[in-house]
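Taking it in order: structure first as structure tokens, then the write-up.
Here the chain labels run A, B, C, D, E and F in written order, and each chain numbers its own residues starting at 1.
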Amino acid sequence: MGLELLVASAIGILTAAGMYLVLRLRTFPVIMGMSLLTYAVNVFLFASGRLTVGAPPILTEATRYTDPLPQALVLTAIVISFGMTAVVVMIGLGAYLGGDDDRVNDPAAETSGEETS
Amino acid sequence: MTRAFRWLFPHPLLTVLLAVVWILLQNEFSAGMALFGVILGIVITKATAIWWPERPGGVHLGRLFSYAMIVLWDIIIANIQVAWIVLTKPNAALKPAWIIIPLDLTAPEAITVLAGTITLTPGTVSADLSDEGHSLLVHVLHTEDPDGERDGIKDRYERRLKEIFL
Amino acid sequence: MSLFLVVALPFLGALLPGLMNNAGRQACAGVTFTVTLAAFIGLLTNLPAVLAGEVVTTGVNWLPSLGMNVNLMLDGLGFFFALLILGIGLLIITYARFYLSRDDNMGEFFTYLLLFQGAMVGIVLSDNILVLLVFWELTSLSSFLLIGYWKHLPEGRQGARMALTVTGMGGLALIGGMLILGNIAGSYDLSVILQSREVIQASPLYLPALILILLGCFTKSAQFPFHFWLPHAMAAPTPVSAYLHSATMVKAGIFLMARLWPVLSGTPEWFVIVTSAGLITMVLGAVIALFKHDLKALLAFSTVSHLGLITMLLGTGTAFGAMAAIFHILNHATFKAALFMSAGIVDHETHTRDIRRLGGLRHLMPITFGIVTLAALSMAGIPLLNGFLSKEMMLEEAHHTVLFGSDWLVPTLAVVGSLFSAAYCFRLISHTFLGPKRDDYPAHPHDPGFGMWGPPALLVVLVVMIGCAPFLAEPFVKIVTASLLGDVAAVPTAHFKIWHGLVPALYMSIAAVIGGLIVLALFKPLLKAWDAAPRPEAKVIFEALIEAAAALSRGLIHGLHNGAFSRYAAIAAVTITAIGYHAWATGTVGAATRVSQSAGPVEIAGWTMLVTATLGLVFLHRNRLLSLILIGIVGLMVSVGFVLFSAPDLAMTQITVEVVTIILLLLALNFLPNRTPVESTVLRRMRDAVVAIAAGLATFAMSYHFLLRDAVAPSISEFHLANSYKGGGGTNVVNVILVDFRGFDTFGEIIVLGIAALLIYALTETLLDGPVRARLLNRKPDQPRAGDMHPMMMVVLTRVLMPLVMLVGFYIFWRGHNEPGGGFIAGLIVSIGVVMQYMASGFNWTSARLRYPYHGVIGAGVLIAGLTGIGSWFVGKPFLTSDFTYVRIPPFEKFELATAALFDLGVFLAVVGAVMLSLESFSRLARRSHMTENEHPMDIDPSREEYDPADPGNPKREGV
Amino acid sequence: MSFEIIGTYLVGICLLIGAGFALVGTIGLLKFNDSMTRLHAPTKVGTIGIGALLLASMIHSYVVGEGSLHELLIMAFLFVTAPISANFIAKVNIHKQSCDAPPPPPRDDTWSTLNVPEADRELAVEPTPQL
Amino acid sequence: MMHWIIAPVILPALLAPFIVLAARYHFVIQRVFSIAGVLSLIAISAGLAWQASDGTVTLYQLSDWAAPFGIVLVGDRLSTLMILLTSVLALFVLLYAIGSNWDKRGWHFHALFQFQLMGIMGAFLTGDLFNLFVFFEVLLIASYGLMIHGGGNLRLRAGVQYVLFNLIGSTLFLFALGAIYAQTGTLNMADLAQRVALIDAGDTVGIRVAAVLLLMVFAIKAAVVPLHFWLPSSYAEAPAPVAALFAIMTKVGAYAIIRVYTLIFPPELAATDGLHSVWLMPAALLSLAIGMIGVLAAKKLDRLVAFSVIGSMGMVMVAIAMFTPAGIAAALYYIVHSTLAAAALFLIADLVRAGRPSLELTAMPSVSGAPLTSAMFFLAAIAMAGLPPLSGFIGKLLILDAGFEGNMAVWIWAVVLGSSLISVVGFSRAGSTLFWKAKSIPHGDDTSPEPAPAALSYVAVGGLLTLLVAHTVFAGPAYSYVEQTSAQLFAPEPYVSTVLDTPGKLSKPTKEEH
Amino acid sequence: MNAATDFMDIAFKLAFIGIVMAQIMSMIRLVIGPSVGDRILALDTMVVNAIGLVVLLGIAQGTQIYFEATLIVAMLGFVSTVAYARFVLRGDIIE
């Protein structure tokens, strides 16, 4: 079994699991799903520099280093998605507190199709 | 002079600890580094002292050291014992028990050290404090004699701690 | 006067009445009249040139790249129509001044009217068909406003919308047709297009163009089957009906057919479509008109019928037909405008337009009676009135026209049309004015003032004049006809005469008039039969169609956008996966260029745990706390993976972010239900699983593909590795990329964090100001809480640990440029240190002692980072250019001073501020009403008893 | 035997001890049938296990020649925090009643964890669905 | 060193924290600084656009590193046009927000507004694909804050969906970026243009998938059906000035598509042949149709406007999907138009709301200020529906004319014209119900007369409408500008050489050897 | 020296396997629970074992580069354990 296969399948499984949870009906599992998707994409972005064991990009006398650029990109992506997660948690919480219901579906759009004709 | 010292070192031991940790973090010793560590120790201690308002009583360092050695030894022995229990004793033969340690200690620091010691040593976990802090609830993994356990703890650790935290 | 001015005057003038509304009705009407008169005179100044057969042109570029330029031209045809528009306009304005009541907003009315007038003049003077389209649609819009002028009347609103819809649809078709036409001819200028008859008629696009253009013309001119909107437009005030819906706007379609006659006519398609549409419209309109009881409706359908007549004449494609059409346009405009105004007078005086409630008015309104009689008889085709002349020419033309291989079809239908035309004219006269005087009129009628009857009377004078002395009109009509025909045909030599001898047209005419009288005599039984006969009501059908369209669209849109995020997301996922698969399936797959590295037990075990936790999360996600624990493991394993694959910075970032995220989620979960209920069906879950697995397979395939192949060229990061130390002063290349090579990304990133915190703060404030506040204050925990809010051991440990964490944070920051670490991780670590303190002694106790203005920390962070970047401007370098140096201050070792560190400090501060502000916000939400701040850092402290026996903050009291 | 060889053997032994203890601790976690007894195994045995691994790392660093002591920090950290973690988990077990109820304390009213706020007592006290 | 080109990013980026720091509790100061900032942005953007108007490509190497190793900002005709449009829009939106006091209904409006501008400006100016992602995130997170500004449950509900959908979009963006980096080893757009051309015809799946994923990221931003579902509720529920500002956000997606698919994956590139050409035009036509059908279907004015935004984006995408110089030029003309028109409509919807309990399209008693509001609605609706004489009509003509040649001509014409009709019906029904039918409803006794909206609000809307008129009257110069812009996009060599051949820190002016 | 190295290699592999097995067993306890305390305990154990794993990796690669990561994991593992426990005990973790 190859490392590449492990990493690729991990990305696939994280994506599938994340996607499944994103399709749930409550905010909380959807946010969990988004987190899994974030992991998946971060690992994918990281893997775009290919996989290198034991060659961190800290300059020493070593001759071989892994690709540092995707690491920097993933770092940025992690930070950004942290901010995004915090925000969506807060907005979801606000919506829950206002309506006592943490459904992710939008009642406004639903009623505009039914009630007000 | 004392006031100046107190102002600069609200918790002198903490400052020392921080300086030591700084040196360990650097993984190399040099006078400049040590000085920088002390400076950091002072600054950080000052900055966080607001959350440690009481100035605890003195600590008998020598006794603390010997206490630490005892505990370390107990930890090693305890681990082997527990490992033995884990590997050999069937669940049915296990005799866990709650024991209660009435506390003579009153300083939070001392109680905490006692509770920590209990948890790190033979087959005991300190689980809770009574609602006014006069007793410590301890869970024993396996014992035939709960009262003996209790007296052992009080004698081996609490007695020593009373001498350390002045 | 320049043609520009003629067109522009009404538009410019349109502002005046609206603005002068407060100056009084007289002023409004006066200024409108003046503007129109000025344009009219301006037009007349061009009369000599037109009479000389010249084409007056002018132009200015508007959108030359498209060929859309404001090119205007004035020839006979344009002059003729412009004359009608402005001339009748003057009469209508006069009439409207007296017609409108005091409640009506006259400024608004005249503004719309002038807008319309300008648009109409624009249509007939346009040399550019795109500009013509602009004016064309403007007439639809202004007509919409005028029909809906009486906003409180539902008929007005519906009529306006119907007119706009139908003519708007035609206008859109016309756009298509015109664009095709222009593309065939290679120019949108009429002067060019009119020269391109052969090219156009030979083009395969001729037929689509023709159909689209005719759609525009037919809808505008109310030709069958688009005739139905016109009667409903009669909800407009009568001056509007008279002006737009009889004299001018409806003639726009006719005008365009006439305008394009040289290039479009003469083909079988043109002939069949136009002639038959005209014929049907003529007959149908006449028949319906007969049975209308509303005066204006009767006149409206008669208009429809006469427009059909004109259309039919244009459709025959002969020069004589065209001349007859022009002549009839002139005549129709005169008698029909007169009739409309008269109908308005009747309505105005009797307060009804229902013929059944009228009769005998000749005694009370003799002047009106005279006007109506002359105009109606002209319309009926009675000799010595102008209607007779053009109708004779029509019958003559019909006599020669062979449609669908039949030489009797057109003549017969023409006679039938004329017959019904005569009948409704006679009915109009007799049922309204003749017969005994009644005593049940809604109001007491009498002739109005001159202001109202003067304009129709003037028109009737024309009716009679032309009718008696046709030679007066003949030269003018011929000039117009000549310009209509262009180079395609010569103007017929026939002279306009009252008496042509005993030609077939005369017999047909006589038959029509006699037949008309007979029909009138048989009106009662005919009406009974008509009322009994089932017939589609166009308005009902139209409304139903529109309602159906609206309902259908509602069904589609609301069905599609039902607010279900899960569906939206599923659609997006399926779309993305499918399109990605399509891209994959249509590409080529090359051989792998990299050798797969073998995985050891550690990797396999790590993978197993990651997968177990992930799948566990899916299957156990309803337990929310457990799912948080599981996601913690996923994060942990990903971090370990980063360590394994040589990314210590990433591992540290991942794990710290992970913990802070979990803390935030725990804070939120405190308010949320602890379990997710089972809501979706098994089938749905299966569907979701299929979507999810497809997405997972796609990302797997893509990842695996790339992992085994090299990039097309060496990565740019080789440069980063080579120059990180030399140019960036750091050996941690990732950190140098973050703060130097790609520092701009990081600048954006900390702003994202800062915004996140501001947003969270703002939302918290908003929630606490709103209705949620009371609920939050009285919130009950969903489960019993344990005692001991601030456990002693935790507090004691924190006192030692928190400073240590701070130290570690500083260390991570300090080393970040050369070793794993950096401002971001350090910021998170310091935040976590503070969080430890919060968890130990509570938020309030902690922040009461030291409350950092976290807003300020964020702001300072961003500002420091930004100003560090700007600093490089002062040495003439771009934003964020870094510099570094090594200094030595005894007794310290040599150390590096880098601007990048300053930038990193900004990052650090922004992170700390953002995390802390967010936590603070959550904590504020969690405050309940009965909570008071704890005085002591720990709840239980036996040592307190010793020095403070009467402790007010007795720790036994919970909730303190 | 040179320092390197002794060191290398020491490293190996420490590795075995460390991993062994860590493993045993986890076996206990899996094996014991009561929440409180489970708590004993990993909090102590696991800690000493990782401690041995850190020791191995330290010795190894000296064997390799770039000696390092900072593993001590991690060790100290683990030893200081483990009791608090265990204490919290024990509190959770007591609060969630997933172990035998402890006997009452002799000098005080109750254990601090069981000192449930008055307002919460009326909340459903029946066993909440197990997490 | 000319630093002006970074000013549109840095100015709001520093102004916002300044407002947070110094003026958190002082509304007047916030407003003054906000307005001053936007005015400066207009001036700077205008200057940059002027500079770019002769075809000059301005390069700014951040941190002094040369492309492709560092991040660069690039000012060409297209990017400067977009930032000018953004800053002008921002001014009127800001005026409205102040006039209507919307900025006082929650916290941090002005700071978020400035951050939003920073994100948009950066997205337009950057020459680096990952940096584009970062700016997307900046503009998105600021937009989340603005969208839920003022709170309210419906708004928060819509906000949750808006954020979540965009999170999916951001995830997709990262997948695309990973794929692109994995395939090419670079992130700079100009460098990508060169490297993509090197890809072997025998191994194209990687770049094809990357190109398509990227396209879909932008399609989400541009609200292309069926990736548009995030838009209706969020734009309808957003505060009016925010929704108005969002009119430019969908254009960011359109801009990115234009940029990336003319520069990196141009239509003639063999490796990515047959991708968007298969489905982008149908999707665009579908968007146009769905949007305009939504206008007819809407039961609330705000949703009507939101759907009209989808429709107008469909129009833009139809023009873009042609990928011809004429098509892109038409798209750019239409982008300016539809940004202004959509913004005006959202603000007008708020003017309507000012006197009514809700924006339901049912008759309610008419309110003070209604005649002026209705006149403005009429104009804006004309513009949006593409009726003469306003720029919507000209844009429509341009698009139809540009679409005359292609093999989709019949479809384009049919859908463009058909959807116009539907929107005319929709707008006229809505307008006549809101403004005309209202006259037939008597005022209830209990309803106290609401105060008319502030004059400043009308000034803001009037300003936007005036700009629409100007865009119409000066269609000739405007179109010739976008025509040249389009020409510049289809001849990207100067762009590429400016970006890649300019030396930076530690790099010589050598061309990348591949 | 060879014998010593061989011994160390074997010990090293055994250590890896031991830690990995420990992780897997903790994972099992985490999934089966049954009480929330067990799960938190399992997570805490996993974090501690992960530290061991990273230490092993550091030895294997002969680098000190993972020290900071290890330190942080140790610190954060504690914080998250306390956070989970506080959540179960009190709901609000920073009240």
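Definition applied: a contact is a pair of C-beta atoms (placed from the backbone, for glycine too) under 8 Å apart; a residue touches a chain by one contact, two chains touch by 3 or more.
Just so it is clear, the model here is predicted, and its values are computed rather than measured.
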Tell me the fewest steps from chain A to chain F, where a step is a jump to a chain it touches. 1
In terms of C-beta pairs in contact, which of A-E and D-F ranks higher? D-F
Note, CA centroid farthest from chain D's centroid sits on chain C
Furthest chain, CA centroid comparison against chain E: B
Closest to the centroid of all CA atoms, by its own CA mean, is chain E
If you average the Cα atoms of chain C and of chain D to get two centres, how far apart are those centres in Å? 66
CA centroid of chain C to CA centroid of chain E, Å: 16
Counting only Cα atoms for the centres, state how far chain C is from chain F in Å. 60
Hey, how far is the Cα centre of chain E from the one of chain F, in Å? 49
At which residue positions does chain E touch at least two other chains? 130, 134, 137, 141, 144-145, 148, 151-152, 160-161, 164, 168, 175, 178-179, 181-182, 187, 232-233, 299
Considering chain B alone, which of its residues make contact with at least two other chains? 21, 25, 27, 115-116, 129, 131-134
Using the touch rule from the top of the page, what residues of chain D touch 2 or more other chains? 25, 27, 39, 43, 47, 68, 70, 73, 80-81, 83-84, 87-88, 90-91, 93-95, 109-113, 115, 131
Parts of chain A lying in touch with chain E, wherever the complex brings them together: 22, 27, 30, 34, 37-38, 40-42, 44-45, 47-50, 69-70, 73, 76-77, 80-81, 83-84, 87-88, 91-92, 94-95, 98-99, 104, 106-109, 112, 116-117
For the complex, which residues does chain F have touching chain A? 60-61, 63, 65
Taking the complex as given, what residues does chain D use to touch chain B? 21, 24-25, 27-28, 31-34, 36-37, 39-41, 43-45, 47-48, 68-70, 72-73, 79-80, 82-84, 86-87, 90-91, 93-94, 99-100, 102-103, 105-113, 115
So, in the complex, the side of chain C touching chain A is made of residues 554, 558-559, 561-566, 569-570, 573, 594, 596-599, 603-604, 607, 610-611, 614-615, 617-618, 621-622, 624, 627, 631, 634-635, 638, 641-642, 644-650, 653-654, 657, 660-661, 664-665, 668-669, 671-673, 676-677, 679-680, 688-689, 691-693, 695-704, 706-708, 710, 715-717, 720-721, 724-725, 731-734, 737-738, 741-742, 745-746, 749, 752-753, 755-757, 759-760, 763-764, 766-767, 770-772, 775-776, 818-820, 824, 914, 918, 921-922, 925
For a test of understanding, state which residues of chain C touch chain F in their complex under the given definition. 600-602, 605, 608-609, 612-613, 616, 620, 625-626, 628-630, 632-633, 636, 639-640, 643-644, 648, 651-652, 655-656, 658-659, 662-663, 666-667, 669-670, 781-783, 785-786, 788-789, 794, 805, 808, 812, 815, 819-821, 825, 829, 832, 835-836, 838-839, 842-843, 919, 922-923, 926, 931
